[in-house]
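The two complexes that follow have chain A in common; it is paired with chain B in the first and with chain C in the second.
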Partner chain A sequence: MGKRVAIVGSGQTYHKSARLDVNGIELIHEAVTRALEDTQLTLKDIDAVVIGNMDHFEGINYVDTWSVDGAGACLKPIFKVTTGGTTGSTVAMAGYYTAASGLFDTVLAIGWEKNSESDTTGAIITAFDPIWDRPAFAGAVAGLAVEASVYMHQYGVTEKDAARVSVRDRRHATKNPHAHLRGEISVDDVLNSPMLSYPIKLLDMCPRTDGACAVIFAAEGRAEKITDKPAWVWATATRHNYVYIGDWEPTAGLKTLESASREVYQKVGIREPLKEIDVMELYLPYSFAGLSWIESLGLCGKGEAPRLLWDGVTDMGGELPINPSGGVISCNPIGATALIRVAEAAMQIQGKAEQHQVPDVKVALATGFGGCFWSDIMIMGKQIK
Partner chain B sequence: MEKKDYLTISSGDQAQPFEWSVGRYGSRFLTELRDHKKILGIKCPSCGKVYVPPRKVCGRCFVEMSEFVELPPRGTLAAFSVLMFSFVDPETGKERPVPYGYGYVKFDGADNTFPHFLEETDWKKIKIGQRVEAVFEEKRRGHLLDIKHFRIISE
Partner chain C sequence: MERVAVVGVGQTKYERRKKGDSFADMVFEATSKALQDARMTIKEIDNVVTVSNDFWDGRTISSMAVMDACGAYEKNVSTVEGDGTFGVLYGMMRILSGSFGTTLVVAHCKGSESVSSLITNGMFDPIYQRALGLDAITSSALQARAYMNRYGIREEQCARVSVKNHGNAKNNPFAQIPLNITVKEVMASRMLSDPIKLLDASPISDGSAAVILADEKRAEKIDQQPIWIKGIGHCADAYFLGDRDLAECPSLEAAAKKAYAMAGITDPLKEIDVAEIYDAFSYMELLWSEGLGFCGRGEGGKFVDSGKSRMEGKLPINPSGGVLSAHAVLVAGLARVCECVLQLRGDAGARQVEGVKTAVAQGINGPCGQSQCVIVLGN
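Right after this comes the complex of A and B.
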């Protein structure tokens, strides 16, 4: 059995569409510096580093090697993890595993991306099979649009229902100084925005962002010395389920998220997630995911999510606030995106979220989503478990 | 410094060509498509599922497959979108022309779907469950795009 591990602090850049004033090393350095400030640690306290992004967005390989000045990893153990959209959550899981191993007490996990440096859709396509998938594929937007077509067909869900998700996330983002898009939008704004890939319109979709995030994990015995408010990692799970795009089962719901969530619920004894979890930071890259995927998480029955959204259940002040940070629809530095979910969930438990703090959070859940339909989950709590 | 003072350096137009192995199973599919306008699937001896394109392993059963099955070039539309935004196609380095229809076709007799272009680009005219048929290119080269697109048919 591994050691119990907590998140003791984190740091983020102020995420923007293009940070032309810094290169990758300097962007990473900003997030690492803020995480050290947040925890009152110095580099000497860091025993190992895990870092990740998606090489094909910048066209520069081996970030574990070239980033060490900014990552604070000179002459330290460092390795890279890259799993597509889930990179940030996989970096978090690798940080957790490393600290839980008993070999390293304090581990720095870093996710970053400079999406401004390439055509994001073109780069995403290169992650797919060149013979069977690439010729007709149009990246994340098309893959998700196809999922939305099935969800609408099966349950009669509308584009207006989906727009409510964007409205919520963008409203929440107005309280988060680190979010990229901080202007409030209306349902009509979403419905009237340009069509990208039917039924997804511009304001249904996440932006592309430059940014970095760093999270510090510490093992039991060390974590309590760093902070009196550690966010204890209770369980994690990851799921992949197919190779070629056409093997995706065309029925509503994210099967990998359903499977991963049931594993963590069972591990920590959660039966009614809507009642027992206080806040969620979900990797929702587009509006329809905020409906279909919360059904996959077991918050309600299939096709019932629109009711939860319209009733305000997932708004700040609702029974289960989702994405107090503004989520991915408001901010998306891809290799950092899922790590930001983990950092924000931990901030909610630590009581550090300031203007977007949910009162009295005891249990928080973060997710990561990848390319076409793989999932990561991390659940954490105020109590050690 | 102001925003206009920050420099960027372009990678330019250079290309890095790759030679991807299609393998024994995929090569047979593309050869049959090129020479005979035939669609080949493969059947799992354990779960009985038929996959298009053919591949060696059924991932769920983790067994090797060897029974090729010929399928009609027709099927049912399982999911779709219509692309309206353009992007750099990494296969050509140029903007991919839009609008284009994108559909997941379940060939009759297959258990998975086959993503490809749709002829129709008006999303109001496309419905899940519609019958579709492959339209082949006149000149074929042993490539996925030897199928030009799928067109909606009435049966």
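Right after this comes the complex of A and C.
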């Protein structure tokens, strides 16, 4: 049987649209240094490193070997994982499994991206099958626009409802010094922003960001020595189903998230997520996801999410605050994005979130989204389980 | 610690160009063969680790192309970008975590659809190094020269590795280039980048390989001889070639040290019966033989001269024909693991080494074997 594992600390860079002051290795170094400071560890204490990003954004091949100076992995074990938008959560899981395996006690997990060096959409389009899908249905926005349209059509949800999600996340971001976009916006701002792909407007959509995040995982026995407030990982799950457009049912809801969340709920015995989970850090790349996907997570019935949003249930101070960090709509260094969700969820449990701390968090959930309608989940708690 | 076994292996034939096969076709073939080998169905696979690289595939999220082909639908799945041996490492750790009883690890690559020199140029620093024209071949040539100069290794000694491995490949139906060649012919082959000549270099290949891992409990129930992972280690050296001593391989030494300690191996030459190592270029087999402790530092040339690494020698190296005889990048390390498993099961056909009890597989990532993974397997 494997070891139980906790997140003992993390570090993030200050995220911007273009971090011209650093190269990728220096960006990684910044996050790693902060994670070490946060845990009062030195590189000598790190037994293994896992890293991830999306190659085509920076045009660097074999990032695991390229990054060793920044990652502190020289003459250490390191390997790379990558799964597109879910890369950050994939890295988190690799950190978790590596520490749980019993082979390594303290594991540094790094996600990063320097989107300013890329043609983001150009790179994403190449994810899709070159013959069948690429000319017709590829890139980040197209699929989401179809999903949003279907959702609006099926449940009478409006663009204004979706705007409420952007408003919430951007408001939360004002309290997070690491967020990229820290200005508050109104529903009207969102509705009046330029149309990208109907019904998605500029302020419905996440930005592209330069940034890195490092999270330190430690096995039971080691974790308690590093911090008296570890965030114990309870369960994780992954669903990467989509290959071709025909694999996706254009019906409302994120099926992979539904399936992955049911797996973790079942593993840890959660029946009523809205009541039993104290905070969520969700990979919501655009506003409509903040409605439809929380239904997929089982927080409410289909088509009921707008009510939760307008009632303030998911705001800071609400019953289940979502994205106290400001979420992906406020900050999106892609390979780091899902790892930031994990780091922020752990910070909430550890009581380290300062201005955006939710009081008394016992259970937190983080998600990753990517590939194409792929989902990752990690659930963690104050108690060891 | 719990033990993890390899309970099934599958490989496509490695070919210069698999015109009729997409990435998914190759992955489906290797996966199906591994399942067949383990006498399992995809339902018995608890989780999947795929191995691919966005540069080699020309696809961002290269794993997306094979999610259906490897049967990952509705399963927990992840993707290692690196050599297949690192995929085995991660697949094994996912089992050791207690979360899964079985892992399918599958790697694919189509060298025929790639421009190798551009893609491997992409692993170098974009400002200071790429413009120099560094790629896998030229950087390895620097390493070969550094190594040969320090220890007086001769080109003929490297050539001997090619002669041996291409000869071994004649007995491996999966190998791409079985050859009857002489040291003279290797020496006379076209110079690619001094001292690496055409016959010192591995080919461009298409192919896929898969292994199925299982914990002890599941392995017992599977109708195939389990081959146990006795030890595993991985480690990365510095990045910039100028920061490294290219004539040595400290990351391989560290990875091997860890793997051997886990496996209880103190005298590798004596205790290991067969080794499958990453000979992307002929000199690598000599240098890696030193890193793996088969001979002392600088003795790689003498080691191949001694005949110890031949099929009938004390420690046959690359009975499969090695990477020199088929080099589907990323897949190659997994192919090494597959061959070790076949040797340990006694299923290696005409290339079977007698009485194999312990085997070692090696994989590399990055320029000049910067990052290394060593796996000790036993029956």
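For the reader, a short list of remarks on this structure follows.
As a convention for this text, the second predicted complex is superposed on the first by the 384 of 385 C-alpha atoms of A that agree within 3 Å, B and C clash if a C-alpha of one lies under 4 Å from a C-alpha of the other, contacts with A are read in each partner's own complex, and residues count from 1 in each chain.
We take it that contacts are C-beta pairs under 8 Å (C-beta built on N, C-alpha and C of every residue); 3 or more make two chains touch, one makes a residue touch a chain.
From a predicted model like this one, the values you see are computed outputs, not experimental measurements.
In the superposition on chain A, contact of A:D119 is made with chain B only, not with chain C.
By the touch criterion stated above, A:P194 is placed in contact with chain B alone, chain C being left untouched. By the document's definition of touching, neither partner reaches A:T33: not chain B, not chain C. Counting the residues of chain A touched by each of chain B and chain C gives the higher count for C.
Of the two partner chains placed around the shared chain by superposition, chain B is the only one that A:D21 touches, whereas chain C remains out of contact.
In the superposed pair of complexes, A:A142 makes contact with chain B only, with no contact to chain C.
In the superposition on chain A, A:S259 contacts chain C only, with no contact to chain B. Judged by the touch definition given at the top, the superposed model places A:G59 against both chain B and chain C.
In the superposition on chain A, A:V243 makes contact with both chain B and chain C. Within chain A, the residues touching chain B in one complex and chain C in the other are 59, 123, 125-126, 130, 242-243, 247. Interface of chain A with chain B (complex): residues 20-21, 59, 119, 121-123, 125-126, 130-139, 141-142, 145-150, 153, 194-200, 242-248, 250.
Chain C contributes residues 1-2, 24, 53-55, 58-61, 63-68, 72-82, 86, 89-90, 92-94, 96-99, 119-120, 122-123, 125-126, 232-239, 250-251, 254-255, 365-367, 370-371 to its touches with chain A in the complex.
Chain B contributes residues 1, 3, 6, 8, 11, 18, 20, 22, 26, 51-53, 55, 59, 78-85, 87-91, 96, 102, 104, 106, 112-117, 123, 128, 143-145 to its touches with chain A in the complex. Against chain C, in their complex, chain A makes its touches with residues 1-3, 52, 54-56, 59-69, 73-84, 90, 93-94, 96-98, 100-103, 123-130, 236-243, 247, 259, 370-372.
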